[in-house]
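Have a look at these structures, which come just after this line.
Shared between the two complexes below is chain A, which has chain B as its partner in the first and chain C in the second.
Entry: the complex of A and B
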């Protein structure tokens, strides 16, 4: 392939270097013994990992990030699964319109949504920063849960459920022994996708901060803008390792490309 | 399971719609129309000022320029990558696709931070160019840096969208074209690319909309020297605390994204009816 298609192979090699090169360089910087952002590293040490652990805001904000990710993923599933069930299996007047409505949070710029939630909910209704973060992330994740769970429902033949009813199962039994198993891969995919999306978000979380409340990516951004030592590189390597672990787990559960390739 | 009862359907949909209304539609509409210390007239005046201010027009122009460049580069690099992945042997294609998607799991600070090490005054690029006797280069805090960072960020989206079209193509079409005497580059230009255009177009829309609204990357790589709309919006909120002016920037940004989304929707609809 490479020999037959030299130009395409070159373009594709450039693409992979641009996508992964900066991340690989960050790996090197994180293990430096020096105190500046230079590559190749000046000697090897783990001092920046120790420094990252001692920096309170990172630990505190990791806690905030996890709480927000867990609560907003759960809320987006709790709101999205019933909605997508109604849209896929019920007679909904104006179905296309409502489906599009559930997708709109993806279109509006996240920074604009963050500003709006800051002004109207935090300032307007006096909701705490943590509360507003959870509400905002729920809205952000809702399109993913509706679409991903909906896709697995749309793939399944509704006659499966009719057959179960015809064979004498009641509506509750049909729901739990036919509909839920049909939705399960979609629910697992949606959960992983939503959790990662929440954990990584910057623009929406940026303005939703309060005393002692900020998410980890936002703290990382603030740190990078004020100091030039490799602490954030060390944090990045930890996050990279966690992402690899989640990717491997995802591959075992439902298939990595299936979840992130949509 | 046919949900026949209207009340059941309503009960299932209502909570989601209520949250959308309270936490999305209402706040966004309120902020775009009239922020807490302004009214629609103030926002309209600020938007007019933004669109005529000679200091701010370059920001809008830069936003569009950076987004167009990012989209084109992503297409040129991403589409061939998707093509090679889709035509690679099965045991390779899955792994290559996973490698291309993996960066989507990392947050933007992690993905962008490496560029500071590459592009900075004492960075990898500058050291290499000095070693070659070309003198130092400082690309950090330039438009080029923003474009590079955004290309890195959005290449996976372009690869994915193109791949979804390319992997559905019948490979026998290429064989047929080749059998009829077309060379490999002609097959690529006249058979592969036109058939995969819908996927590439979706990719372009995603990349463009993402580039217009991206914040972290332009903030880190462009800084206050090379502002685009999103970083301008942030400084309006956080530095100058000027809410009506922030609403004006938000309005321009939102309209820009909506126009592009609508345009691409029409384009792909036309494409699907003619082909």
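Entry: the complex of A and C
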């Protein structure tokens, strides 16, 4: 393989180094025994992880991040699945337009969206910072759930439901024994994508944090602005580990190939 | 005997009543128990729409559908007891073959033991017992087709509906599956309605063939009655009657290319009284090995002819003999829909 396509192999190697190099360096820095962000690390220790655990805002914001990620993912699925079912299987007038409407949160700059939500919900309706974060992230995640679940429906034979009806299954039985299993890989991959997207989001969260309520990435940003020690590297590793854990769990449950296309 | 399926003036319009398109218009049809009926016609003739109305997936915009003598026009598909085989097979990808085939019985809340037994029997009927625990994705197209058939048969439907079930198979397999389909239908004694655009399929399988065009019935009957005597130009053309010559002393007639006889113009052979004779010039010759396809220009238009030898060349003058008993008089001179 390497011999047959040397250029492709070389480019792949460079791409890997560019993508993974900084991550490897970060990993090294997080486990340093020294007190500066330098690489290679000056000895190995877990002291910066301990320091991160003692830094109250990180622990609180990790809790907030997880709550927001779980709630907004659930909400985006609860809204997105019925929407995509209607779009894929129903006779909806203006289908293409509505589909595109669901994509707009990806197109609208997140800072603009964040500012709008901040002004309308927090200032206008006096909704708490946590509530606004959940609503904001739900809007952000909706395109993922609609598209990814929709893709698994679009790939499936639309005659499957008719086949079930013809065989004597009513609409409810047809939905649970045919439509849901067909959507399953899509729902799982949408859940993971949405969860990770919410967990790592900065621009939207930045504008929707209130006093004492911030997500972990935002708190990290705040921390880096004032101090520059390996604590933030240690926290990054935790965030990375969370995302990787979710991905590995998916691999275990369904397999990546099934989730991300065929 | 009550027909299993009866259509009374059934029509379906897509779009609004004022400016919609009629897919099917005023169709009457009665299907007798235990028979094999085919709905035959070119794409867009309304055959699939008709089948889907019988299944209950679309509702007629006019007329009534009776199943087993009762009005079922407004009955949802799950209460019609129909077994449908789809062109795309529509097997449930997440279920084993046994579960696919048993689906209809489980929906009818039959005991698990009975479901397993009857699903097993249905799979055996199509020769797939050995693959009972596999998923549809692991099967070839022909095998998937058999599973779809077994699944439809397992519920002992009052009518088996087949929507171009063989069109996704390669030519050799298609011919093989026709036999298989006929065997299963005969063995189970089921009433079957099959939609196809393939006249060979219709001729081989049908007890009754129903030829549709533009949503209307053109002709129906037993293939042995319909094939030698197409009622009109559309049916004739669809069944491969390529020639519509103007023959002196006749109205609109048609004749199959294989029934046109050619002889050399110079032979002094007497005009046979049982044939009509025309004069013409060979326009083109296509060599096919065992025979030639020869196009001949006559005063009454072009004639296509299947000729058993290779003894004519373009430009030669020929005598054309049309056996009188092979000339089919057409009831109408109407232009087929495609040319309108």
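Odds and ends about this structure:
Operating definition for what follows: the second predicted complex is superposed on the first by the 244 of 262 C-alpha atoms of A that agree within 3 Å, B and C clash if a C-alpha of one lies under 4 Å from a C-alpha of the other, contacts with A are read in each partner's own complex, and residues count from 1 in each chain.
Quick note on the criterion: a contact is a pair of C-beta atoms (placed from the backbone, for glycine too) under 8 Å apart; a residue touches a chain by one contact, two chains touch by 3 or more.
From a predicted model like this one, the values you see are computed outputs, not experimental measurements.
In the superposition on chain A, contact of A:5 is made with chain B only, not with chain C. In the superposition on chain A, no contact is made by A:63 with either chain B or chain C. Using the contact criterion defined above for the overlaid structures, shared-chain residue A:156 touches chain C, although it does not reach chain B. By the touch criterion defined above, A:178 lies against chain B and chain C together after alignment on the C-alpha atoms of chain A.
In the superposed model, more residues of chain A are touched by B than by the other of chain B and chain C. Of the two partner chains, neither chain B nor chain C is touched by A:212. Contact with chain C, but none with chain B, is seen for A:170 once the two complexes are overlaid on the shared chain. The residues of chain A shared by its contacts with chain B and with chain C are 162, 165, 178. Residues 1-4, 6, 8-9, 11-13, 15-17, 19-20, 23-28, 30-32, 35-36, 76-78, 80-81, 83-84, 87-88, 94, 97-118, 120, 122-124, 148, 151-152, 155-156, 159-160, 163-164, 184, 188, 209, 212-216, 219-220, 230, 233-234, 237-238, 243, 246-247, 250, 253-254, 257-258, 261 of chain B are the ones touching chain A in the complex. Interface residues of chain A facing chain C in the complex, by the touch rule stated above, are 156-157, 159-160, 162-170, 173, 177-178, 181-182, 184. Within the complex formed with chain A, the chain C residues making contact are 55-57, 76-84, 86, 88, 90-94, 103-104, 107-108, 151-152, 155, 161. Interface of chain A with chain B (complex): residues 1, 4-5, 7-9, 11-12, 14-16, 18-26, 29, 36-39, 78-80, 82-83, 85-87, 89-92, 98, 101-102, 104-105, 107-113, 115-121, 123-124, 135-136, 138-139, 142, 146, 158, 161-162, 165, 171, 174-175, 178-179, 196, 199-203, 206-207, 216-217, 220-221, 224-225, 232-233, 236, 239-240, 243, 246-247, 251, 256-257, 260-262.
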